[in-house]
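Each of the next two complexes has chain A plus one other chain: chain B in the first, chain C in the second.
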Partner chain A sequence: MATTTEDQSSDGPLQRWTQSAIKNPEKVYRALFYAAMIFFLVTTLFPFYWLVVLAVTPEGNLLAGSFLPTVNLFGVSGTFPLPVPKGFNPGAFINVFQEVPFHLYMLNSFALAITTTVIVLFVASLAGYVFGRLRFPGRALLMLAILAISYFPPAAFVIPLFQAFAGNAPITIPFTNIPLFTPPRLLNTPGSMVLPFSALFMPLSIFILTTFYGQIPDGLEDAARVEGTTRLGALFRVIMPLSAPGVATASVLTFIAVYNEYFFSSIMATSPEATKWSPIVGGILSYQTQYTTQYNLMAAASIIGVLPVVILVVVAQERIVSGLTSGALKE
Partner chain B sequence: MARVRLEHVTKRYDDQGDVVTAVDDMNLDIAHGEFICFVGPSGCGKSTTMETIAGLTIPTEGQVFIGDRDVTNLPPKDRGIAMVFQNIALFPHMDVYDNISFGLRLRDYPQDEIDRRVERAADIVQLEGMLERMPEEMSGGQRQRVAIARAIVREPDVFLMDEPLANLDAKLKVHMRTELQRLHKELDTTIIYVTHDQEEAMTLSDRIAVLDSGSLQQIDPPLTCYNEPDNLFVAGFIGSPSMNFVEGTVTEDALETPNFSLQFDPSSIEGISVGDSVTLGIRPEDIYPADLRDEVADPSGIIQARTDILEPMGDEIFAYLLLGDGETSMSQEMATNDQLLMSIDPDSDIEEEDEVGVVIDRRNVHLFDSASGEAIVHDLRPVGTDSSASGSEVETDD
Partner chain C sequence: MSTDTGRESRRSGALVDAMRWMENLSDTQYAYLLLLPVFVLLGVVALYPLLRTFELSLYATSLDFSSRSFVGLGNYVGLFTGEKNQFLPGGTTFLPSNLSLRALLNSALVVTIIFAVVSVLFETLIGLGQALILDQDFYGRRWVRAAIIIPWAVPIVIQGMIFFLMFNSNVGFLTPPLADLGLLAPTNTLNDTPSATFIIIVADIWKTSAFMALLILAGLQSIDRGLYDVAKVAGATKWQQFKLITFPLILPTIGVAVLFRSVQAMRVFGIIDTVSSCTVVPSLSCMVVATFTTREGTSAAIAFVTAAIIGSVVMGLILWQGEDAI
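Let's turn to the complex of A and B:
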């Protein structure tokens, strides 16, 4: 009879690997982890690489020939599998601002994002305080109703909101012709964008802040109130600073969502002009005219537009990660 | 002048349909400069009572007065109070200076005034040189001192302290206790102090308010609560170890309990008549071994017992005595008819499982109405005998 060791040594490499994997499952998990990570890295980073390639390629070369270069190695020619720039034209990154006032579009996006974030944080803090720290009947149901708002597709709100913000006709009581009031004309103003953004991104922030504010010990709030604050004062002086990771998470998520927003703003700004509060995406699309599409400028503008968010995430990522997880983990 | 008055204060909670009464018709009158302790077991309503004074809880009924003002519906910040919390509750995101000056900054005091006051408060609680530390860098005792400094810096009319020493270790607790007494002397402010530790209450306060199930049981100076408890609850709660309780029936000339009888003259004591069911209360230190009978002012007859367990404490020994057949049984909530706890001299050569005879000092026998728990008498000698003359008076029993 052959012993086990003899069996193993006679096995092929696959059997040997399987044997060691069973003994050492961590090995497999690590391999799977790397495989998954590489997959995600490639799928997320490749578009950026592609943008860079497009941006530095001179405009004239964009449509001529392939981005995949042909390599000739010892008489064997083949296609290099990664796209490379056809030429080098860093001037596109300057041209971006000369052809279209792209900085103004960025400013629009910034202003919209910051205003929305401030509004959302303020209102969501009040709501988070109530949901997280007070007990009242119907609390869970009300929370569910608020979260339900974020389940609706934004498109469902567009037409009624556009009508309301156009300010042409008075708002009527539903199913009747009884007029209530004529809203001011908000199209092409920040109001028409900040209002729906605030409403749409509010539920997530309320949810995050509720979890955080609910965890601050009652004693600290009581202490602040005895020391001389009102309940509201205690919220902004004690509860909110102590929930900094949650506040940071809510604000960064809101900021990024609004900064990248296009759907509402493309409709609420009646044409993609910086003076009409069109955001970054509106600016990027302005490089496309009726007859030409300057892909290299669009790519360069996209890279410039995404930089602030990248910086924000890199700076705040520790806070965001701890904010997203600690809500669930803290006792 | 910060006199604190509670008039018919009642607090009810609605706990999923059940109404829970946390504080039941509380009436208190606390004088200016008094150090008063609210003491009672967990859930007796002492913290809720304090919260109604602080304004963190609005009473369902009744009124709270601080000084001459009706503060019942005022927010905490307008009541002229400061509070030290059980969990200390320092703001973790502020350093010591910011913690202490928090209330002053909210009230827009000028900066030099704030600096002066913070310095003085830090001086009183011995925190000099630590103003820049964060709370997490400090020990429990230091944090507690910061919390106290935060309270005194505002020079409030009333101090509220909710178990401020509960989270400190035993040694620090004793140290902070003396510091608090010193502080009270220095500040001359009304202090209301909540604790579940009767020893803390005894040592600190001018008067103790004993609470149980949301109602006031007794409010008196510590020694009065100890020597003349108003009812069974106070008698059992104040004093450590707790008072012995034995149930009995009054006869013509004695109190008959299941295991012994105690001679006395019921007719000489008001509020008691033959046939009444009463509970006898006697503190461990008022029980003596029979051989010391001559030194006891007014000894009872000898009660035969057997020692069960001895607990040497160093300065005294607690001896658990078994009476009768030695089977311990709990007849009622508090009374243990077959067991007595006595405190004996540490030099005593008594051992476990010894047969001993003991006498009790009838001057310090408390009788309570078994049904209502109310105290009837705290001295079994006939009315009119003065305690100072007790040494000359010798009675014989049996």
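Let's turn to the complex of A and C:
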């Protein structure tokens, strides 16, 4: 009898919660909601925590023992489920730049991303104006063609592009032997990456800008034209500034896409050297191939490389969400 | 001095002429004029290489690239009969040699399809969960959304490095517990085909679920909230609301998102190259890259098969969605 009352009082809070939960199911949904939210937060952010753990662990301690410490709590010993650093040495964040000129790789990535973004914005603005504001025969078919091309895998383009950028033989019209011209050697230069990036990421920007440019009232364009602006002037002085959010969305998405690109970045820069325009792909991989056991450097370089996009996501979150949803669903 | 001003005026004269010519174009002419840069760029970087890849796939190229001889569809026949398997790196095959798990995962075609189907399936489920969370109003929603989007913005090479470091046999702390469960090979994990395939699928799910979540969230937020008020008055439970209102209304969005993602997933290359290697997990793109400097015809044939598979999926999507696809 005494034990039962004790039991009842010990699981009292739980029982009381269950009782109130049965009366009020909202509470259960709320609890489930927070549990799910915490689960998603942990699974998305945990890999970054692991990078930090590795980066601050001194090199000598990396291979000794487990990252999951054994804890002794009130006489019960068990494995702590979360990895913790074995020591503390933030020096890896400086060593990263001494072993490999990682800052140069990042500068290359920035240069490639900004150049591509400028080209894409210009070309996609012209196309966005055409698709968003002009009615002409063949409009739907052309949009479909651009859409279809954007779906094709980079692997389907890489062989002829690599041969063309090597600049050894003249380009011929496909299925004939008629030579057109011999292209300059573009491998290991920005050109060999900016060209495929621009073509690959342009369709998304075209669709985003088409939506935004199409929403500007005709009256504003007409007013600018009456004032004596040329047709092109109206696009770049009136419509583009009025669609600033759309332009910002397209540029943020293009920048991130180029910064993240792997396929052409790893193939068109034939040697992973910063002086040969290799972007962060080459930089990160050179730690993997040259310093095969310095896992703390690999982790530190990854943290540094990921910072620009993390900042961009936090600052330009709204733009990314609206761009991805409007652009990608249109596609 | 006089020549200078002469050139100046002539140049501005040409500019004025060009502007006047542009002003007088019809809408259709003006549209095609402005689309010219798009045509040039896509023509040079997409259309020409696609046609040229198809052309190269019809030829056998000598190893030193000095001569090519026309073989028709010989390269494709070789791929599908297994003759070309000897040119693929590391004992991988194009079609599976038998139906055991290892042979299936050793086949470029099958492993690409398995990767696409499994990762997109889990991305859709997890993305749906994330979207349902982000659809609620709660304090700090902005930050939770940023945290969920961040993996999507992580460069592929860093994503690969993260999972390399998590499952590497020297420092990877996740390998022993998962090996105890029988999910991974306990040693040499990243060079074991089933284990590496598993890790690469997990890595892709981690990165791309957020993308699915955002697409599905857009679908969720377009639902008329009044429907839920009606359901509440009628006494529907949350589950019934989800099953009878939310799910049917977002199903078309999910369908488009799934096809869109599957097509992207079939391009997989970078994550394999970083975490493991193309000889361990042979995706189609991997095989193209691994062979294109030595076996041009074979490589071009694989590239064109990849393009054809993706092209037919896209055609299906366009036919299904019709004008709405744009």
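Methods note: the second predicted complex is superposed on the first by the 274 of 331 C-alpha atoms of A that agree within 3 Å, B and C clash if a C-alpha of one lies under 4 Å from a C-alpha of the other, contacts with A are read in each partner's own complex, and residues count from 1 in each chain.
The working rule: a contact is a pair of C-beta atoms (placed from the backbone, for glycine too) under 8 Å apart; a residue touches a chain by one contact, two chains touch by 3 or more.
All of these numbers come straight from a predicted model, not from anything done at the bench.
A.B. asks: Following superposition onto chain A, is the placement of chain B relative to chain C best described as a clash or a fit?
C.D. replies: Here chain B and chain C can both sit on chain A without a clash.
A.B. asks: Thinking of the overlay built on chain A, is A:310 touched by chain B (first), by chain C (second), by both, or by neither?
C.D. replies: Second partner only, chain C.
A.B. asks: Given the superposition on chain A, which partner contacts more residues in chain A: chain B or chain C?
C.D. replies: If we count touched residues of chain A for both partners, the winner is C.
A.B. asks: Examine A:230 and indicate which partner it touches, taking first as chain B and second as chain C; both and neither are also allowed.
C.D. replies: So A:230 meets both chain B and chain C here.
A.B. asks: Counting only touches as set out at the top, which of chain B and chain C does A:189 meet: first, second, both, neither?
C.D. replies: Neither partner.
A.B. asks: Is A:241 touching anything from chain B or chain C once the two structures are fitted on A? First, second, both or neither.
C.D. replies: First partner only.
A.B. asks: For A:217, using the defined touch cut-off, is the partner it touches chain B, chain C, both, or neither? Pick first, second, both or neither.
C.D. replies: first
A.B. asks: Can A:270 be said to touch chain B (first), chain C (second), both, or neither?
C.D. replies: neither
A.B. asks: Tell me which partner A:61 touches in the superposition: chain B (first), chain C (second), both or neither.
C.D. replies: After superposing on A, A:61 lies clear of both chain B and chain C.
A.B. asks: After superposing the two complexes on chain A, what is the shortest C-alpha distance between chain B and chain C, in Å?
C.D. replies: Distance of closest C-alpha approach: 5 Å.
A.B. asks: Could you give the residue numbers on chain A that contact chain B in one complex and chain C in the other?
C.D. replies: Touching chain B and chain C on chain A: residues 230.
A.B. asks: Contact residues on chain B for chain A in the complex?
C.D. replies: Listed in rising order, the residues of chain B that touch chain A are 54-56, 75-77, 81-83, 85-93, 102-103, 106-107, 150, 154, 160.
A.B. asks: Show which residues of chain A lie in contact with chain C when the two form their complex.
C.D. replies: Its residues touching chain C are 25, 29, 33, 36-37, 40-41, 43-45, 47-48, 50-51, 54, 62-63, 66-68, 83, 122-124, 126-127, 129-130, 134-137, 139-140, 142-144, 146-149, 151-162, 171, 174-175, 195-196, 198-200, 202, 206, 230-232, 256, 259-263, 266-267, 280-281, 284-285, 288, 293, 295, 298-299, 301-302, 305-306, 309-310, 312-314, 317, 320-321, 324-326, 328-331.
A.B. asks: Chain A touches which residues of chain C in the complex?
C.D. replies: Contacts found on chain C: 19, 22-23, 27-28, 30-32, 34-35, 37-38, 41-42, 44-56, 126, 129-130, 133, 136, 138, 142, 144-151, 153-158, 161-166, 168, 170-171, 173, 206, 210-211, 214-215, 217-218, 237-238, 253, 256-257, 260, 263, 266-267, 269-271, 273-274, 284-285, 288-289, 292, 296, 299-300, 302-304, 306-307, 310-311, 314-315, 318, 323, 325-326.
A.B. asks: Using the touch definition up top, name the residues of chain A that touch chain B in the complex.
C.D. replies: Contacts found on chain A: 217, 219-220, 222-230, 233, 238, 241-242, 244.
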